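Below is one structure, written out as structure tokens, with a few remarks after it.
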């Protein structure tokens, strides 16, 4: 148990945490505008993985691709994953949540709808794409890029961290600097006043889902690259990312990023100290502890105010 | 309010019952049609293994029906237990209500533990091609036959092989499933018996990210690693082991001995040693024909336990053909005495219903192929 | 360009409706998308050797054209022949309106006047509940006992927490697990030996108390949390209980599980193949629980729960001890679930950690809301129906797809009947008020979607 070993786990934790953070943003955004636990977001993520597999089956990578080709494949796969994720998220909002919103249904009803939609979606994916795991086709050779304090940093690690950070920075910009972003924040603060001010709530909600879907889908693709794609892959990362969103303060975009990173690190540290079978116990224990002392999460709740 | 409630519960139940009894009556042996059931996970978390087995059974039944060699016709009945012990009871009842002649399954050990009692009570033979937990045959379920060597055989084989390769320390990783834990228990006990240092790590099935677990294995700097689990997770785990830089012997059991493992692991599967109580389904002509037929019928390659289930069904059918009077009792008696040479192995049972043939074979992944190396007894002799 | 003309242009752009934005074409698009989805849902199973296989097959198959044809027919009927259809609908509604409340309302009216008839009917129903299942096929008896009755009990327990006290609990199966493991422990089934081995029936009070304490332990630190935060913490609690059961092999048997003795009383042993004795025991449990809970609902405690649910702050300021009543709800709900756990372990005769996965907690929540939370008949129906449905579907659809249909049903049901199948009267009123935008409805503790609570 040297410090070097610990550092190695920390690196892995950051990589995993980046993925959690990107998924958690999807939960938090939707929660921000609708106060809805979008349980089906884990399926958006799963479809993202399949989007990548479909795209790279249609356009199979050559054996031993060159650097440029690798970048193209990855970009193509990720774009396909993000697109399918966004499409699913958009459809989900349109079909399942919008009618409820029109009825002004209580939040529990949204929750059950989300659970139902989640069941439907993952079983549909199982039916369409088969229920056994598929590997993401190999797009690059996973080599050691450089060594940082005795820990090999592989291509996959870099890919995940760079794309996740890029997505998070981009999203932060969208939410804080663009017109759409101010629309989202306005709806999050007060939908009624926002609509009086000329914000088209339906459009904003719809686009929020699409943004969440894009991120979730891309994360699904990255997860697939990191391990494999299977129709049940959404459930566990989904729950963890949901916990991450709550940990950071649900509805708070930067909180979700922080929460995701933190849970990723906590999980790998648990593996280091106690073993893989206890990782979720530690994750949830941290969550409960934090909530006991800060009942609205680390960075507090509102999307409108703090992000 | 009370009346409404009970009507609403009772009505669908009654309708369901009617539908079921309606279906039940037209079966039976009067017209020479018999039903063979499969009990296993046909939905839920482990559906893929169930599908592998179901397809194998269906193929055997279709072949028998199409061949015209038999005086009877066979029908397939699916009893889905989701791989869960509590669902297994109703699955077993479903099969019994259909008056099935024999059952292939239960597929998993947990469900076998609850369902075997039901089959025993009616004397319906339940021949499992995949429930490997060692203690199942010790509980006196009269009609339960295990058509697969139990965990002890493979665990012992692994330990023996690693000891002969000169491994001093071994990490055993289980996947927290019934199968993985059972296999790991035996492997560790046998390794310790052989004087090899063994330590255990657990990585639950379906872990989203195997990097940390793989790093933990690599950090032990052990000479060898045994992964006790299924290929669906062994694939990504192999990838991550490579990434973490583990360079000892990598070994796994029959749950991983599947072409799909190589696909999932990418190049990282190379050099993995895989044990199996089965001969290679792609090696001999008969098995090649099976693989081709299977692929044609189900548009996929045969998976873990496909060939075994096919064998078991064929064995049941061939025993049925020998009988003068076909019913569950006579069939059970015949099965207990059977000596049937299938694609994967030769089947015969001892008086407890335990599989007699306990030979374990070794395979190695080489490039895109799993190559046969020979039985462990032969390999460790020299 | 002046500011004014720019504004005018912007306004014009806003007002402009392109052809595809017209409701008529949007509806067509929606129907066609639905047809496509249905073709996928009812199409072939995919294969792992070609991820496009199922999509290709479904898009070229006959099914798609049938669905598209139906969609087009509906669209044409809706767009061009809507007047006669609407009229027919209106007449039908009028005709229905002349009946008091449909046939059920009539029966109710009839019964209201005649208490004797009412008692007779109730006795008949009770008799049906007691002896009716004897006529069922043994398979359905097993389903009824092993799954329906058990989950009805669990759902009744969860109803206290969520339906009455208004606390969102996503980890309810944890208590079920604790109950089941208590039964295993005290009957000497676990690898660790208990101080004394007990009969399964004698375990019940112990298990109930264990779950009660567990409920308090979970409840106490989480009382500060509300709504969604409580949901994730309860979810975490479940995960911790589940993983503990899974990982502590030496104590719980882990995934390999343990065999639990079946029920036995005074020398009478329950045989596995006879489902009815189990059924009667469970029916008795359910009847007692329902009786107690009905009393509880209309007692001071029940009213306090309602107050806490509707507006916790208001309740506290009028002197309701919210902490006590919330803890009480947790404890009572948990102990009911524990009872179900004991029954489950003693019936199935085998438990392992995989019987208590997180999915079940979520499903039980769906049972409660589907049936109509807060209403006992609703909750019982919801659990019974949703447990029964997958078993029923087994014969009609590919068993692998059963949960897909279950999920679709949940979504459709929540869109068209958000109050549940048999809603409680109070909740029905709340929902109506929410829809009409009445301010009072917002007082509901769970808050409303699309709005701040």
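Descriptive notes on the structure:
Lettered A, B and C in written order, each chain numbered from 1.
The rule we apply is simple: a residue touches a chain if its C-beta (ideal position, glycine included) is under 8 Å from a C-beta of that chain, and two chains touch if they have at least 3 such contacts.
These are the chains along with the protein names UniProt gives them: A, C = Branched-chain amino acid ABC transporter permease; B = Branched-chain amino acid ABC transporter substrate-binding protein.
For clarity, every value in this text was computed on a predicted model and none was experimentally measured.
Core chain by CA centroid proximity to the global CA centroid: C. With centres defined by CA atoms alone, the chain at the far end from chain A is B. Looking at B-C and A-B, the interface holding more C-beta pairs in contact is that of B-C.
Taking each chain's centre as the mean of its C-alpha atoms, chain A lies 28 Å from chain C. The distance from the centre of chain A to the centre of chain B, with each centre set as the mean of the Cα atoms, comes to 36 Å. The set of chain C residues that touch two or more partner chains comprises 47-48, 50, 246-247, 400-401, 403.
Contact of a single residue of chain A with at least two other chains is seen at positions 126, 130-132, 134, 277.
Shared contact sites, meaning residues of chain B that touch two or more other chains, fall at 47, 51, 176, 202, 204, 260, 300. Chain C makes touch with chain A in their complex at residues 33, 40-41, 43, 45-48, 50-52, 54-55, 162, 168, 221-222, 224-225, 227-229, 231-233, 235-237, 239-240, 243-244, 246-247, 358-359, 362, 365-366, 369-370, 373, 400-401, 403-404, 406-411, 413-415, 418, 430-431, 434-435, 437, 444, 446-453.
Residues of chain C that touch chain B in their complex: 47-50, 53, 104, 121-122, 125, 128-129, 132-133, 135-144, 146-148, 246-247, 249, 254-257, 259, 272-273, 344, 348-352, 354-355, 377, 380-381, 384-385, 388, 391-392, 394-395, 399-403, 422. Contact residues of chain A toward chain B in the complex are 5, 8-9, 12-13, 15-16, 19, 126, 130-135, 138, 142, 152, 154, 156, 223, 226-228, 230, 232-233, 236-237, 240, 267-268, 271-272, 275-277, 279. By the touch criterion given at the top, residues 1-10, 12-14, 16-17, 19-21, 23-24, 42-43, 47, 51, 78, 80, 83-87, 89-90, 93-94, 96-97, 109-110, 113-114, 117-118, 121, 133, 176-178, 181-182, 202, 204, 260, 298-301 of chain B touch chain C in their complex. Those residues of chain A that touch chain C in the shared complex are 31, 34-37, 39, 50, 53-54, 57-58, 91, 95-97, 99-101, 103-113, 115-121, 123-124, 126-132, 134, 190-192, 235, 239, 242-243, 246, 250, 277-278, 280-281, 283-285, 287-288, 291-292, 295-296.
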